[in-house]
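The block underneath contains the structure these notes are about, expressed in structure tokens.
Chain naming follows the written order as A, B, C and D, and within any one chain the residues start at number 1.
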Amino acid sequence: MNRFNVDYYSASSFIPIPDKDYRISSACGISGIMNRSGRSFNGEMIMKSMEIMHERGNGLGAGFAAYGIYPHLKGFYCFHMLYDDEFAKEETEEFLKKKYRIIESEPIPTRKNPRIKEVHILWRYFLDAGFAETSSEEDEVVSTVMFINEKIKGAFVVSSGKNMGIFKGVGYPEDIGDFYRLDEYSGYIWTAHNRFPTNTSGWWGGAHPFGILNWSVVHNGEISSYGINRRFLENYGYKCTLSTDTEVIAYLVDLFMRKMKYSHRVTSKIFAAPFWSEIDNAPENEKNLYTALRMNYGGALLNGPFAIIVANNQMMMGLSDRIKLRPLVAATKDDFLFIASEEAAIRVVCKDPQKIWSPKAGEPIAGFLYSGNREEKITETVALR
Amino acid sequence: MKRILVREEYCIGCKLCEINCVAAQVGSSNLIKIYRYVPELPEPNLIVEEDEYTTFAIQCRNCDDPMCLKACITGAMHRDSFTGAIRVDKERCVGCWMCVMACPIGVIKRTNDGKKAASKCELCVDRGTPACVENCPNEALVLIEVGE
Amino acid sequence: MRYVIVGSGPAGLSAIESIREVDRDNEVLLVTAEKYVGYSKPLITYLLGKMTEKSKMFYRTEEFLKENDVSILPETKITGLATEDKLLFAENGEKIEYDKLLIATGGRPFISEIEGLKGQDGIFTFTTWEDEEKVENYIKENKIEDAIVLGGGLIGLKTTEALMKLGLKVTIIELSDRILSVTFDRKASEIITRALKKEGCEVITGDTVVRVKGKKRISKITLKSGKEINTQLLIIAIGVKPNVEFLEDSGIDINRGIVVNEKMETSVNDVYAAGDCTEFLDLIDGQRKTIAIWPVAVSQGKVAGYNMVGKDSKYPGGIPMNSVELAGVPTVSVGHTNLIEENGFEVLTFENKDTYKKIVLKDNKIVGAILVNNIDRAGIYTGLILQRIDVSSFKNKLLDENFGFVYLPREFRKMMLEGDVKVWLE
Amino acid sequence: MAKTRTPPEFILERDDYKCIRCLVCVRVCSYGANFYDEKENRVYTENSKCVGCHFCEAVCPTEAITVKRNKFDIKPSAHWTSEELFDVIKQAETGGILLTSMGNDKPQFNYFDRLVLNASQVTNPSIDPLREPMEIRTYLGKKDAYLEIFEENESQVILKTEVSQQLKLEIPVMFSAMSYGSISLNAIKSLARAAETMGTFFNTGEGGLHKDLKRFGKNMIVQCASGRFGVDIDYLNSGAAVEIKIGQGAKPGIGGHLPGEKVTEAISETRMIPVGTDAISPAPHHDIYSIEDLRQLIFAIKEATRYKKPVGVKIAAVHNVAAIASGIVRAGADFVTIDGIRGGTGATPKITRDHVGIPIEFAIAVVDQRLREEGIRHMASVVVAGGIRKSADVVKAIALGADAVYIGTTALVSLGCHLCQRCYLGKCNWGIATQDPKLVKRLNPEIGARRASNLLKAWTLEIKEILGGMGINAIESLRGNREVLRGVGLNERELQILGIKAAGEAW
């Protein structure tokens, strides 16, 4: 249930928070860089890539997701937190202590930046769930995140994965990066987002990326199917606490890729389903598959303009909507994979990519770490005939 | 060649075909003027037959091998070379009624406006769509193409 | 290949149409004894009565003959035929070769034995345009005011009508006890007789002309009954018979008329015959006879023409039918109408002030119909007769004022309304 | 008191100048309202016989006829409308239940018109349906919450789950259950052909199956109602799905009654009852007195159809509709049909039609929400009916959470119905609600099919236009997407039940 309806009238002191209490439309720039050998590189590279897309934002939100940044604590869940005040922090810590062993508890290091107005307490915890990593443990973490976000006033979990973290706030990406001292971190996957919301104020929690467990999503676009995507998730027990479409994407990624263990290919065919005209003319088994996907997961179809970059510790994937209403460019150079809204954002950090191309509407671009059993090359799913 | 198909299962017996046939013969589409001001209205060139639940309008079938053509002693009854419709040249007709006797559908009428002459449905070839077909509210009359 | 057609009546002309429908190249030669080619003989009474004009006499115009590329030999009377040599002999000595021949010479007037006929002016038969011209001139030149028409059949009555239109006082003399005795039944004859009398026409039945008197020009006739009537004009219209005398030595089988089969072939190869000069099956009683009516001639001519060019076509037989309007009374007679109940026929009649309807049935099939005054939709009966439809399911409706297809069995009606209507030619 | 003369409900005005005495109006009126006075050479109308069906007006070749409502100018009263007045008079005279036909005609039950839709502006592009694909195909039936997919490699992706049989709709609009008996065979044929052309379904209603309709099996839903008329194994298997009818919006809680005189030979054959006997559909199914009984019937039918046909259950929208729908879904139905208070019928007591049940808008909202809350929304499709008049209603119903809609009244209007509400008299001049062969043939199924298809074609275009305007190109993104709706003039509680915001509120 949307808070606006309920709370607005019951509490006169209530001041709605954009993104949290109502949805705001936005346009954005996104970028993602991955070293598929798992070699870490400095955060300056992604900041540089984002800086050139300065125009795609308006200073009302930016953020980064970084993988491989906490190698020394990689066995623990790292919660990046936004607190409005000490009460929220205390309440949260009390709640966490019941379920987890807190390995580390520290402020997220920041550096003064004249263009960043600090409004939150930024904190991080490394948590030990005490069990081997199983899916039920993951579910437990998810419900922890859901609980904090929904129930603890003034507390918000920004990220909750292992060996990764999300850094975001209100400002231009270069300033946010500077503020969070990203030049001091090294990671093998970086994704970033620059936001252009169509309202005047921003909320730190509303900036991208959005994450749940190891998953993170940056998103450019507006999901016109938001209303049904949210209710589709309800049927699976997800409660969308924010009013942003990106949160919905993050949960859908969690549902299909983590819980149901669908590949990026299948998931992308749910998010950007092929047209019936293509499906009807496909070979029988494909036809059955895609028909079933649309029939059963129609509520998860992401309709409207979008380009997203989804990442976890193993991979990074770019995807645009079924008629490509938002830009997306991909490039490779040696063991690097680049995905961005603009070619310029790639060229500025990689002058001479070996391959640079514009993926087709609804066709995912995915790169995986070389280690592991995943295929070695960049996968570009072939379109249905 | 064209023929008006009669579909009795759809005829509602309203007789709008008759009314409009008369108008077409007069050569106007303004029914009010026609029925108010034309003193001697021609007979419709079709007949609406009715019996309990069955009604249908019937007019010249435009037969392939028409009896009326065979029976005509004057050459007034002829097939229009362009449209294939059977027409009557009323100037040549002497009113012997051989065609009336021969037509197995019984849809050739006798007229006498100063001069006796046979009159029949000529598929409104000078008009375009037959008036009865155009004004049938239930498509019980439809113009179809037959033969080669 | 040369097709030769002898006779320019409806049979001959319709044969030409059929031939040209299939064969547009080979020669078609039309030979006729008449001066005018392509005119309609039944129209001569209309012409005499000024109910039509000379220009409208042509049932098939000159243009038609030109379009169909027909060579014409007018005023050429054929007097003999050598079938082995495929040669025709004309009165003027000409010899005409043919490959396929159609004899469509029609009928010629029959004249009974009357004393004093020879050498008298003012006595005419009335079957050709030339007859009409003669009569018209005779009346005009001699300012004739009355006339005797011998014969109360259709030709006699139509001539009577024409003469009356010219203002003549006409007396009809008919040997049998009523006029139109062949075509109509007693009741219909009575109605017509009454109408004629009302218009001022005298009708004498059961009598005939036995003697003619006059000096060069007729002035008086004597009847069998002894009665004498003064007159200056006598039209003899007691009947026609097939015009086939010229074939006597040709070897072609002739009975009353030329004997033909259903393809209109005579007994001799490549010689066909059609129209009033032939005899063929009556569809109703199955008898061979001459049915000297226009539609039969057209149908036979059409079949003959097709077969002459090798297109298979059959004529199933015909029925007599006539439509005639006399003294303002339109009448139609189709099929056999003089049959009576005692002979196993069923007769249905309807009569009121203005109209008379009679339907004759045998085994629940209509074999004849007479309609007087209200003749609209008469053709439905014609169709039922020709198609031999069992009428038992709607017999009680046959005489209805609004009798129509609505009473007919649905299947038959559907066929007639939706399909192509074929009632005669197979 | 002396017998009251009820004033005519309609007044037929005939412009005598325009009247050409063609007598078409006289010939066509099945109620005998128009007559010709030969002596005066004038056509008259007995207004009290006129039911306001406008047929004569439609066929008059000179536009001489105008049928107008008689205003019954009684002394103005907000409480006593003329309708109320004459209802009392009628009952005072007859002592009987007031009968009526078609749907609820009262204004207060319409909520669709108080909902407004959204469109894209700047932040996301609208999509031009003329240039881009715009998809409205819909599948009805049980869905799986999880599809098991085996991904061997890039090109070998195999669906392991055997998905349930579905109804494929090229437009999420179907023709409601209307039986042969309540409407004419030509009316059903019209809808059947239109359903075939447009790739959707018609519903046999509780009338059994006329042999002429067998060939439309692919586009047919067969109904099994409390009278079980015409139901046998062949019937159940002859369509694409089976619908168990528990109730209908026009008359929740009561059964049906086709009088014996309407049970003609053909109807007796399809209903499998003797000619001339009354066809009575009891109010309840006498083998369903509880939800577990319903489950048995659902599975009996599934057995009979070898689990090849989706089985649905139709109920009227009543107060507890959400819980009932949930029970039906859990009882194994593949689709639930909910018929709101504005649903039509051939004959119903006026009191039931006008006062029992709830508007479909609320029913959709609460049923969809309830099923989602219970996590069983995927187990059955929700089909809604009762008051869908136009494509905007379809869009709003789907946005509220329906998978597809049924149209009954609207379909009949496309065939010619002018809503005179006299179906129960069986004299329908438009050839729809009648079995009189002379009247039935006034509806040429070729024309009817064309018109009903045209309606759906037009709606298809409009729905696509609206979707494109919202910036979405598939109907699944509209379904249950209440964000695209806003309420105008609704109170807080109504908005909350509908699950929508008020106009002016942003996301």
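Keep in mind that, in the parts below, a residue touches a chain if its C-beta (ideal position, glycine included) is under 8 Å from a C-beta of that chain, and two chains touch if they have at least 3 such contacts.
Every value quoted in this text rests on a predicted model; they were computed, and no experiment measured them.
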Ask   = Counting C-beta pairs in contact, which comes out ahead: B-C or B-D?
value = B-C
Key: Chain separated most widely from chain C, comparing mean CA positions   = A
Separation of chain B from chain D, taking each centre as the mean of its C-alpha atoms, in whole Å = 44
Key: Chain centre separation (chain B, chain C; CA means) in Å   = 28
Key: Distance from the mean Cα position of chain D to that of chain C, given in whole angstrom   = 69
Query = Centre to centre, by mean C-alpha position, how many angstrom separate chain A and chain B?
reply = 79
Key: Multi-chain contact residues (two or more partners), chain B   = 7, 55
Task = With chains as vertices and touches as edges, which is it: line, ring, star, complete or other?
result = line
Contacting chain pairs - touch in the sense defined above = A-D, B-C, B-D
Message = Under the definition above, what is the set of chain C residues touching chain B in their complex?
response = 10, 14, 40, 42-43, 46, 51-52, 56, 58-61, 294-295, 298-299, 302, 321-325, 330, 332, 334, 375-380, 382-383, 386-387, 402, 404-407, 413-414, 416-418, 420-425
Note = Note: in the complex, chain A contacts chain D through residues 2, 4-5, 9, 22-27, 198, 221-222, 224-228, 231-232, 234-237, 243, 260, 262-263, 265-266, 273, 275-277, 285-286, 288-289, 291-299, 301, 303-305, 322-323, 325, 375, 379, 381
Key: Residues of chain D defined as touching chain A within the complex   = 120, 122-125, 127, 132-133, 135, 137, 139, 143-147, 149, 151, 154, 157-159, 161, 163, 166, 372-373, 375, 377-378, 399, 470-474, 476-484, 492, 495-496, 501, 505-507
Ask   = Okay, in this complex, where on chain D does chain B touch?
value = 17-18, 20-24, 27-28, 58-59, 61-62, 437-438, 441-444, 446-447
Note = Interface with chain D, chain B side, in the complex: residues 7, 9-16, 19-20, 31-32, 34-36, 52-53, 55, 135, 137-140
